[in-house]
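Structures are listed in the sections that come next.
Next come two complexes, and both contain subunit A; in the first it sits with subunit B, in the second with subunit C.
Presenting the complex of A and B:
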């Protein structure tokens, strides 16, 4: 026993333990290593499958207007090369595409979404495989945690309010086009719209509005959606002076005329 | 020949006598009609009302110039309000109400109030009637006692003469100081960087992708920093005339050579101040390249040097010449080469406004 105790304290023991430890980790790593490539291969396989499934869905639902290779059809549908997964997700998950009938612009119609979230992902994977384009946003920019609502409001007023109205209720553009309301729109859809610029809307790339600024804007919109911008009084649709004028010219002037008639009666 | 009978139907004369004519209710004279003291008191009250109106008008003018427009105070029952506005409201109410109350009181106490039944008469009055009207008028004039009570006439004239002033003076005074060179210049100048509003980041030419739109202010005039450095008023003036919209177009669709030359590879910058009455023109449709003004729907074609294609604006938006600095950031190459924003009388003749500085 004494000799063993003596050995334990010798510097050699440390060396032996170190060697043993290193050998064991190395072996264990070697034993486990083969599993890693298998998952990669599996992921690649599912991705290839997704693209293939997505292509089938695309051919069945989108190719009439966008062409069999998504190269676009003149005067009917634009090319989808380079629009990215974000654009596909935005257009299909909000029910804008497939377009039910040719119109000045596609409108949000979430009751009409014909595809499951999985199928939309597959179509997005297919379109993204054609040419690189903006990807769907990172979840960290959609949770609105730590977002600066005041900064979001300032950015919103400079970049968005002229079309979508300072209270997010939308507004008119030229020749029948319009900017839709932003109230009740999913965080991810707002983000994707900024990133991809659907239809008449310009693109706000990450150099123009950083992902953090986009998150701030979404936080601001959610804040006014919950009434954060209400200062009392009736909103009358929050569509600006048109609503107020309609109110005063019909109800207001109507009341005045009725009062004038009533006063005249009494005097007679 | 005629079969028409234009004479009125014969009316049964007996119907006229079915009800007795109740006649006029008995006239009750008012205190002022019988009591000379009461009538003098009433006249004095009328004078007081008109004088109050005149005082209200004068007080309005004093308040308009003397009270600080930002002055706040608490009024019991209402809470914290702007005292400037409250003072203007109260004095203008005095000015208008005084005239109204004075006139009503005068009519009720001093003007004749006998009920008069007037018989129908032929459309043209007879000479007799005309003479009677003339006589009545002069009687009315006498019984309104204006010939005797010159104080009423004087105070009424004073009130009516003054009450228009509270309406006219703020409008005339609100026109502000006469502008000079600031209508022709903005803060843009050669070498000044284009900054994203409101974040204040400089812009690399490569970051301006086709289809995107940047809202831009000059370096040093962006966001909160501008408010802190220059004060709110200067910062707002800057915002109202320096604001610029920046987009990249495919150079092959740009129709004007000048537009291409003043830009960088299809990146072009235009003043955002509408040439109609100065709203920010910022509704850019990336698929049509139309720029729409939200106020009166003037539409500018960005592919054709921002010419007006619809709406009341008369001139194209001024273009800001831009170039790239050594580090690849977009910078202005000059100020705007014409005044931005709406037309004004001296636009083509700066000498009229600027005198020697022109």
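Presenting the complex of A and C:
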């Protein structure tokens, strides 16, 4: 105790404390930093193959716009370095890519997905091998088990409703761009969209919305999709008062006028 | 009063008191009351002794109302208002007009544990816990929409048929105030549930008020009791919605109806119908049955719609939170024109002067436009009367085509209103039609100025064409499509002359002339301008604008000449004259003359003081 107290005054003590502090902080930082899920050896072996297959698919289908090394082509296609596997899976599996024709925005078209799930994985592996980017989501965040619908709804209204509408029916953006409807969209695609921020959409990374919050939002959307909001009769396109106005000025008042004509005529 | 007065005669009643009506008022109660008029049961006797009820009932139930479906548009509004009053009372039993914060613990899972205002929570409770509550809410909202649609169409009917003319200008003004109050009442009610959509609406209203030059901020703080949202606005809107505005609405509505009774109902022109009578059915029993029946029709349709079609699903929008907003935020349609004006007004209209921001980009569309629209509507009858110099009373309606300039002005105004309204749903249009929202805005900005001009000219020309077509029909009859070939080889299309009932509708309107033609020349014989005020010159040119293209109605002389010409033509070919039987029919008597007994038969006791 006394020797330690004496050492405290030593000129070297400051350096030792500094060294200890730095070591401790660095180790803690490294230990706590989010890491990519580790893959087992067998997976690692197939991954190299996937990357090579993915590169071939990429050269055949994507390189025209994104460049032969996915470095992007000016004013045609963006660089894909760092977009990650999640982005590739979202864009290709929803039929947005390859883009059939230049447009303000790629539209979802699941009927025309040109690739098998395996091929999409290979392309994703290739793009992910170029630079680190968001990985595809964990299955545990897509099963919606134990998700909190109410918390999801609150997060949805704060982060998503201003573009996608509180009922998930979509909305317009500037110059022909739009936020598409979220009804009938696969859980994984919703998750990937939040993670990668495709097109005009902002990125909601895991610091912004944790995976659990993302799962909650997806659960909320699935609740709506399954008719959880459908009380009080048929909704008219879920576009709020615009649908009501359309109804009242056509069928509503039309019925009233038809009956008024009938009553006005009777016994006249 | 004859005993047959309550039997439907399809006959007219004379507007002015006729000799038949002039009878001694019945004693307050006498044993022969029942026998004198079997309609009123004797049990009313004691009541009548104390209140004079029978006299009032006799007056009320003897009123005559003309029949036309378009007269029922106002009734749609009236009955919808009644439905709103009934269902609204029901809703107040559960609604909590408070912005106090609570955590929801009801049966609607997606909001369980979410913080919200008591107003929103009680609206959810009405929807999900109270038996029949959701139906009542939907009835209330749909009836409110029917109220305003009915009111708008009623106003359009009154406008396009010229029913606002003297002596009914004051009632038109009351109607315009009713319309304004109705949309404010609607907006207040729409805001009460404090959901995300209506909260956004209140936020917009907050911004509108702030845009008022100089006083904006103070006015906002006064109404909201401090910063937005505060805790005062929902309770204040509640009292406005359930007490203040309904009281004024109902009061003005009673005045509106009373004036209809005092002025008597207008009627479309027809044989035997004049400015001095009303042809139709008395209230008891025919009209009461019809109007009462129509109430149930309106209630039935509204209930059906409310049971089948969702409206204002507040649970979808979520509770109001100033940090949130939803895409596709629109108010109910009656506020669209104001909201749409805001979406069309360019941003550069905002400027800073004397250290104050002047938000003309908002002020013009919200605070100025809303009252301006209703002021223009309110003064229109007086402007038209001044321009046309028509100071006479009118009880016969005009067909819209016979007032081409008014019809064109009305539809041009409606087109402007529609452009503004469509601008409110520019985002919905963009996504549904896959257009660019920017393009839609540019198109609507242009349309706001161009469309009314096009509509004006097209509608005016259409009216004039229809008038010419009417003339054609009166003079030459209806084309039958029957082609007759004469022995000489000539071909005829047989024209069937109109009978006098049909013709009456086409010839009885008057042909107005511009004031310049009746007022005398602008310059006297020496070429010196007559001392007319500037307004006089304006009035002349406006009058010219109104009436210069008038198509005159066919006169009896013209009709006779046309028939003579027709006969002459037919006589050219004697064989054809026989083939074309209808063509040689005698020219009928002058339109408007009594033509048959059932139209105007005073002897059956159809004359009344109505």
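Everything below uses one rule, namely that the second predicted complex is superposed on the first by the 206 of 268 C-alpha atoms of A that agree within 3 Å, B and C clash if a C-alpha of one lies under 4 Å from a C-alpha of the other, contacts with A are read in each partner's own complex, and residues count from 1 in each chain.
Here is the rule we go by: a contact is a pair of C-beta atoms (placed from the backbone, for glycine too) under 8 Å apart; a residue touches a chain by one contact, two chains touch by 3 or more.
Just so we're clear, the structure is a prediction, and the values are computed from it rather than from any experiment.
Participant: If you tally the residues of subunit A touched by each partner, is the higher count for subunit B or for subunit C?
Facilitator: In the superposed model, C touches more residues of subunit A.
Participant: Where does A:170 make contact in the superposed view: on subunit B (first), on subunit C (second), on both, or on neither?
Facilitator: A:170: touches subunit C, not subunit B.
Participant: Can A:162 be said to touch subunit B (first), subunit C (second), both, or neither?
Facilitator: A:162 sits against subunit B and subunit C alike.
Participant: Using the superposition on chain A described above, determine whether A:252 touches subunit B (first), subunit C (second), both, or neither.
Facilitator: second
Participant: Given the touch rule stated above, what does A:208 touch, subunit B (first), subunit C (second), both, or neither?
Facilitator: Once the two structures are laid over each other on A, A:208 reaches subunit B alone.
Participant: After the superposition on A, what does A:48 contact: first (subunit B), second (subunit C), both or neither?
Facilitator: A:48 contacts neither subunit B nor subunit C.
Participant: Report for A:76: first if it touches subunit B alone, second if subunit C alone, otherwise both or neither.
Facilitator: A:76 sits against neither subunit B nor subunit C.
Participant: Looking at the overlay, does A:154 come into contact with subunit B only (first), subunit C only (second), both, or neither?
Facilitator: Both partners, subunit B and subunit C.
Participant: Taking the contacts subunit A makes with subunit B in one complex and with subunit C in the other, which residues are shared?
Facilitator: 151, 154, 158, 162-163, 171, 173-174, 179
Participant: Quick one: in the complex, what on subunit C touches subunit A?
Facilitator: For subunit C paired with subunit A, touching residues are 8, 10, 67-73, 75-76, 109-114, 127-128, 134-135, 137-138, 142, 145-146, 149-150, 153, 196-197, 286, 290, 293-294, 297-298, 301, 305-313, 315-318, 321, 323-333, 336, 425-428, 430-431, 434-439.
Participant: In the complex of these two chains, what residues of subunit A are touching subunit B?
Facilitator: Touch residues, subunit A against subunit B: 151, 154-155, 158-159, 162-163, 171, 173-174, 177, 179, 197, 199-205, 207-208, 210, 213.
Participant: So in the complex, the part of subunit B that touches subunit A is made up of which residues?
Facilitator: 196-199, 201, 203-204, 207, 209, 211-215, 223, 247, 280, 282-288, 290, 292, 294, 297, 299, 310
Participant: Quick check: in the complex, which residue numbers of subunit A touch subunit C?
Facilitator: 104, 149-154, 157-158, 161-167, 169-176, 178-179, 220, 223-224, 228-236, 238-242, 244-245, 247-249, 252-253, 255-257, 259-261, 263-268
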